[in-house]
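Two complexes come next, and they have one chain in common, chain A, joined by chain B in the first and chain C in the second.
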Partner chain A sequence: MLSQTVVKRLKEIVGEKNVVTDKVGLLTYGYDGTLLSGEALGVVSPTTTDQVVEIVKLMNEHDIKLVPRGAGTNESGGTIPSQEAIVISFTKMTKIHEIDTENFVAVVEPGVINFDLQVELAKQNFYFPPDPSSFKASTIGGNLGECSGGPKCFKYGVTRDYMLGLEVVLPNGKVIQTGGRNFQSEPGYDLTRIIVGSEGILGLVTKVFVRILPIPRAKKTMLALYDKVEDASQTVADIVAAGIIPTTLELMDNLLINTTEDFTHAGLPRDAGAVLIIEVDGYPEDMDEQVKTIGEIASKIAKEFKVAQTAVEVDQIWTSRRSAFGSVARVRPSYGVNDITVPRSNFPKAIGGVLKVAKDFGVTIGVVAHAGDGNLHPLILFDQRNKEETETVHKAEQALCMMALDLEGTISGEHGIGLVKKKYLDKEFTPAAMEAFRKIKRSFDPTNRFNPGKIIDL
Partner chain B sequence: MGVLADVYEMLNTCNKCGGCHTACKTYKLTGLETMVARGRIQLIKAVADGKLEPNQEYEDAIMSCLLCGECAVTCPNGVHGNELVMAARRDLKLRKGITPFAKSFALKTLASPKRLGMGFRLFGGVGKSVLNKLDGMDYFRGIDIRNFPTAKKQFLEQVPERIKVQNPKHKVGFYVGCFLNYSLDQTAHSVVKVLTKNDCEVIIPKDQVCCGLPQYCYGDFETAKSNARQTINTFLDKYSDAEVVLSACASCASMLKHDYLKLFADEPSYLPKVKLFCEKVVEFSEYMDKIGVNQSELHNSSPLTVTYHDPCHMVRGLKVTKQPRQLLQMIPRVEYKEMFEANRCCGAAGLVQAFFHEVSTDITDQKTQNIKDTNADLVATSCPACMLRLQGGINKAGQKQKVMHVADLMAKAYED
Partner chain C sequence: MSNVNISKLKEIVGEANVIDSSSEMAKYLKGPGKPAVVVLPGKTSEVSSIVKLANEQNVKLAVGGAVVNTQGITGGIAMVMSRMNQIVEMDKLNLVAIVEPGLLHKDFILKVAETGLNFPPEPYEVETSSVGGCFSIGDSDSKSFEYGPTRTFLLGFEMVLPTGEILEIGNKCIKNVSGLDFIHFAVGSQGTFGIFTKLLVKLLPQPEAKKAVIGTFASLHKANATFNTLIKRNVHPTRMNLINASFAKIAKPGTEGQLVIIDLQGFKESGKNIANEVASVLTLAGGFDVKIIEDAVEYDEVINGWLKVRAELNAKPERTVEFVVGPMKMPQALAQLEALTGDLGAYPGIIVEGLLGYVGLALPEGTEKLALATKVNKLAMSLGGNVKGLLGHKLKAEVYNDAEMWKQTTSLLNELRQQFDPKGILSPGVSLEA
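Presenting the complex of A and B:
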């Protein structure tokens, strides 16, 4: 429990309404997108950088830790609190300070929801390329905390590639500004890139300078349907080998086609083994040529290839893809999301590996993948209430991670490490590299105050 | 734990994906995780699991839900947050023996006869005179009480039981509902006018009662059932020549058509009769569209820009969206303008507007702004609760638009 003094001070800093200490409130800030949960000492929602500074100082005085939180949709346990910490929720820092279309920069607060930013940008014909499927809920602060990716990342890169600068409150309560609105790199260390993807363990981000782009003049969305998921993975390899870079190259297997169909009724064929969603963008005059080339490559293996004709069709396809993760509880109530990533050329092998794990462990796995990036999300479906099954799932997850590492891949492409993937990190990195991580954490946060226990143990 | 056990699988199907965050207005405007479907569901689950003892904060989370159903249409897992909240309210009622809100109602409202009057008014109940005596108070928690219309006499007492036409093509049973009976009697007259202009004989049973929606929403299934039974029996037994049971209140219509089936799910012997009744229920615009409207007599002397608000129970309950828009556009010289987020809740949501007025007011303010942005002269809708809420919001914002029922606009066009 927080002492009366601390609660009183917190209320003075952020106002009565922005402090939660009752059981009901705490419960709702104890979970995220994973199956884990915890209970914090309190939840505080600042609205300005100054308030954040005051909170950090107060927590330092009382030796209380802080767990930063955006929308709490992460898939790594990154916002799960404990009884030694308060949650600092950024959902009330939602100002879009500036949209500067001349310099391709927007300045926003961390609690701005990705979708809300897209809506504002679209009014000026601009957009922010990183678009995790959770973009209607997830915040810019959370996106950068996890260095999230999305369907557009094949061509456009991940969140990291769109972060120009940050305002950060450090564990000692001091505020620094990294980078800024300039595109050229700043002198000195690239602190922006150290903070991005650091899952809230190094600093609290209170302002973000993001790079924005004009909306491409034209785009085309295609669907290729396959009998088997292995076939789809071959087209992926073929497209990459041909040196073509679509905006999007997304794969969903039969299980996901069916769960998303239950929700969207978009008309994807329920008997298809897999579907590839392929999108290209650019100048109108280039579209036909690109579609033709991709069509030729896909048609070698696909049982059907089609180009979406109307905006409604395109919309439906995307609703299906975006709801993929969300929709699997229709089959079984619990799921474990894996986030393994392999070099593109190894993508077919990774698909083979996933199928083997499913067979070896006798578990149900649905696959959705940002195939162009070699990033796979095998979703293992189960029921958490069944202890034995849950055990098997953990083993299968470990096998998936090991498989990815064998293929020169990584255990996490975009969801972060948090608590869930922590135990596999030293399988990927050497002891020396792990020590380097620890040193960086200690130099920012010597007393382990920010998001303790996430990514690495000190 | 029966009620929650019944919905446990659905509670457990929520995988906390956050997909409902954009859908849920109470979250959008508060940024509080207790005020979003995901949070509410996790809390209900905690209660079902015995990890949380219901307390005031829990009740607030459950009671502040608008039951707008937005989360249900957005959830990729097919979880219906609104239904889970309903189950939680029922569970609270069974646990405590009194309707949730009753406590706060007693404490916060009974203390003030003025507010009590207000509360009853909201349900279209009694206490009419109280309102007129209010001094110095124009808005009660964002509700425009000064302009809150009161029927001088109940609509049911103003009309005969049968209104005949010369060459009847249809016989329509008119379920009036509390709001049209006690408050917006003019709209009820409009409905009759439009029906008779379209060769419908109108049957208006005198012994009809409240549909039971308010009680149902707050967990009092017993009262809801007794009202439902009377409604069903009246229309099916005493006025069996009515081909349809028509309602011009989206909320009532959705209750009569869909919720009665749920309400009587545990009474298999009565259920066939309920089904028969539900099949007869039709909403005003839906019906007019179905029978085809006499357009030649619709007149309108001056150009009019009209926009339309989709009531929750209309768009997500009855799933009727096209028909009212089509009817409006049949009226000569009407220019139709769609507003932004036309299908999002207006903020009324039964008692939420009284007990969680801050969030309600924020929701209504957004709606009012969306209306303003269309430059429309008039807002049409299909739910009297929305009409009152919207008009209140518009007046408070100092805007000029008038809010009318689709039936009002049509009736006016038949008079012109």
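Presenting the complex of A and C:
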């Protein structure tokens, strides 16, 4: 419980309505995209950098820790108040300060929803390449907190690649600026890069300078259908081997085809073993040849290959893909999202590995994957109320992580470590690397005030 | 007097790889310091032993690919990585390579090209820069608009930490958010977090076609104006660079005037059309000798000319002012710069990387760099940019009148450095104070 003095001071800093301390209110901020939960001492929603500074200083005086939060859609437990702490919610810092298309920069507050930024940019025929499937809900601050990916990483990279500079409030309440409006502004060390993906454990981001790009002149969306998911994975490997860099190579297996069909009625054949969504973009005059090459490669194995002819068709395809996570909830009440990633050449093996884990543990797994990146999201369906089943699911998830590491991959391609995968971290990293993480955390936050217990313990 | 235990070093790397006669050492060294010894390790474990030894004896150590900058290591150890120059693995399926740090950057580019792949970062010093140095400096260059800055191409590494411990991190996945991102944080750390002993590098397929369009202009400003025209037309080449008349003579002997180089790496079909579009833009703007270059040999000559000029600037950081503005603000930037400096033609040289809004200005002997940089930074800030790097940060904080922010930034940088190198052994010549 927060003392009356602290609550009073918080209300003075951010205003009455931006402080939550009632039970129901606290409960809503105790969840994220995972099945974990916790209860914060309070939730405070600043609207300016100065308020953030005041809050941090006040919390330091009273020795209270802070958990930063955007939209709370992360899949790693990163926003769960797992220790005594207040939640600092950035959802009221939603200003788009500036969109400067001539100079390829936008300046935003961290609470801006990715989609809202895209809408503003689209008006000027620009876009912000990182667009995680959660982009209608997730915030730029959260995207950078996790270094989110999305369907376009194959060609365009991840959130890290679009962060030019940040304004950051440090655990001691001081404000620094990292980077700037271009690639060449880092102060000695690339501080922007270490903040990106740090899940709120190093600093609170209060302003973000992002790189924006003109929308490509042309785009082609293709669909390939397969009898078996292994076949689809072969096409992925073949496309990469042919030296083609599509924007997107997304895969869904039969289970996901069916659950998303229930949801969207996009017209995907329910008997298909897997579907690949392939997209290329660039100059119009280069499209035909790329589509032709990809068609030839896919048709070797696929039972059907087609090129979307209208914008509506393209939309339908993407609606299916974007509803993938949510759609499985109709099958079983709970699902666990995994985020394993392997070198692209090992992607077919990883698919095999997932099928094996499903069999070995007797669990239902649906697969959706950013296949071109070697990034798989095996969704394990279960009922959390069933203790025994839940235990089995945890074991299966561990087996998936170990499988990815055996294939020289990683336990997280885009969702982050948070609380959920922390226990496997030392399986991926040597003691020297773990110690390097601690050195970095110690430099920023020697007394472990920001998002304590996430990623690593000091 | 130096504390370096030469005989111990000889035990570690073998007699032949320890050099302590100053005449023989010279070819491995540059800069003001006088190290006691040059040592050439052949493998990671040797690097580790040498660094441990330096720690035990509290001796400073700096590293280089072929040549070591001796700043700050008088009486210390200069470590040359040139014996560790193998490509350990070239993995075409995953588009990655594992390479030792002492391989020359230019040789790496060639080897990568031989396998049909592409390593975009430009070498810093064409003749001496190493792959380890490339990531150690971790810059951006004139191709970064299209390909991203140098860090984009590092997926992992093996590193000997300042304490001698060996750290391995990363994997061949192109997406990886596990742990904190020490992989990319180490890029640009200039040998202060550790010595790279192996690099896991991301590669790309070779572009289907490469072309360049060049043209010469009587006026720097007119030449530069073509860049705005191209950006407005939604043309974003791979490089869009301008070299002033004095530097143009180095890049392309015989050039009379300001040289514009537009590099187009991409697909055949669009490449043809864009090249024509660019050529007409240059011609209409008053460019002469406008030429579309398709021949591979001639193309390489043009690009190598650019790299030579770039290296010319890179070699003299103390006599170069570098700044960035919003790319579309470049016409104002050059006009205002000229108002500050007087006729830019009187300067040793100036280059513009149009897509990045970057200007590199070579200063005549005797110019007060800091005084000029301070003025230039104000100018750049008013146009959405700043002077490059650490110096720029310091000057920005001065403009904001925010001494607190600068203090906080440097204390964070120094704390990080100290955490990794508690005894201050590695790369003492690198300053984090600007």
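Going forward, the second predicted complex is superposed on the first by the 454 of 458 C-alpha atoms of A that agree within 3 Å, B and C clash if a C-alpha of one lies under 4 Å from a C-alpha of the other, contacts with A are read in each partner's own complex, and residues count from 1 in each chain.
Quick note on the criterion: a residue touches a chain if its C-beta (ideal position, glycine included) is under 8 Å from a C-beta of that chain, and two chains touch if they have at least 3 such contacts.
As the structure is a computational prediction, the values presented were derived from the model and not from experiment.
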>> Quick one: is A:Ala241 in contact with chain B, with chain C, with both, or with neither? Answer first, second, both or neither.
In response: second
>> Looking at A:Thr341 after the superposition, I want to know if it touches chain B, chain C, both of them or none. Which is it: first, second, both, neither?
In response: second
>> By the touch definition at the top of the document, which applies to A:Thr260: first (chain B), second (chain C), both, or neither?
In response: first
> Comparing chain C with chain B, which touches more residues belonging to chain A?
Replying inline: C
>> Taking the superposition on A as described, I'd like to know which of chain B and chain C A:Thr94 touches: first, second, both or neither.
In response: first
>> One more residue to check, A:Lys136. First (chain B), second (chain C), both or neither?
In response: first
> If you stack the two complexes on chain A, which partner ends up touching A:Gln83: first (chain B), second (chain C), both, or neither?
Replying inline: neither
>> By the touch definition at the top of the document, which applies to A:Thr447: first (chain B), second (chain C), both, or neither?
In response: neither
> In the superposed arrangement, does A:Gly409 touch chain B (first), chain C (second), both or neither?
Replying inline: second
> Which positions of chain A touch chain C when the two form their complex?
Replying inline: 100, 102-105, 146-147, 149, 153-154, 157-158, 160-161, 170, 174-177, 180-191, 193-194, 196-198, 202, 214, 217, 237, 240-241, 243-245, 282-283, 285-286, 289, 341-345, 370, 373-375, 408-417, 421, 425, 428-430, 432-434, 436-437, 439-444, 455-456
> Tell me, which parts of chain C touch chain A in their complex?
Replying inline: 91-96, 116, 138-140, 144, 148-149, 151-152, 161, 165-169, 171-182, 184-185, 187-189, 204-206, 231, 234, 236, 266-270, 273-274, 322, 324, 326-329, 356-358, 384-386, 388-390, 392-393, 396, 404-405, 408-409, 412-413, 415-416, 419-420, 432, 434
> For the complex, which residues does chain A have touching chain B?
Replying inline: 22-25, 27-29, 31-33, 45, 71-73, 89, 91-92, 94, 111, 113, 115, 134, 136-138, 260, 262-263, 323, 325-330, 333-335
> Once bound in the complex, which stretches of chain B touch chain A?
Replying inline: 9, 12-19, 21-22, 31-34, 39, 42-43, 46, 52, 55, 57-58, 61, 75-79
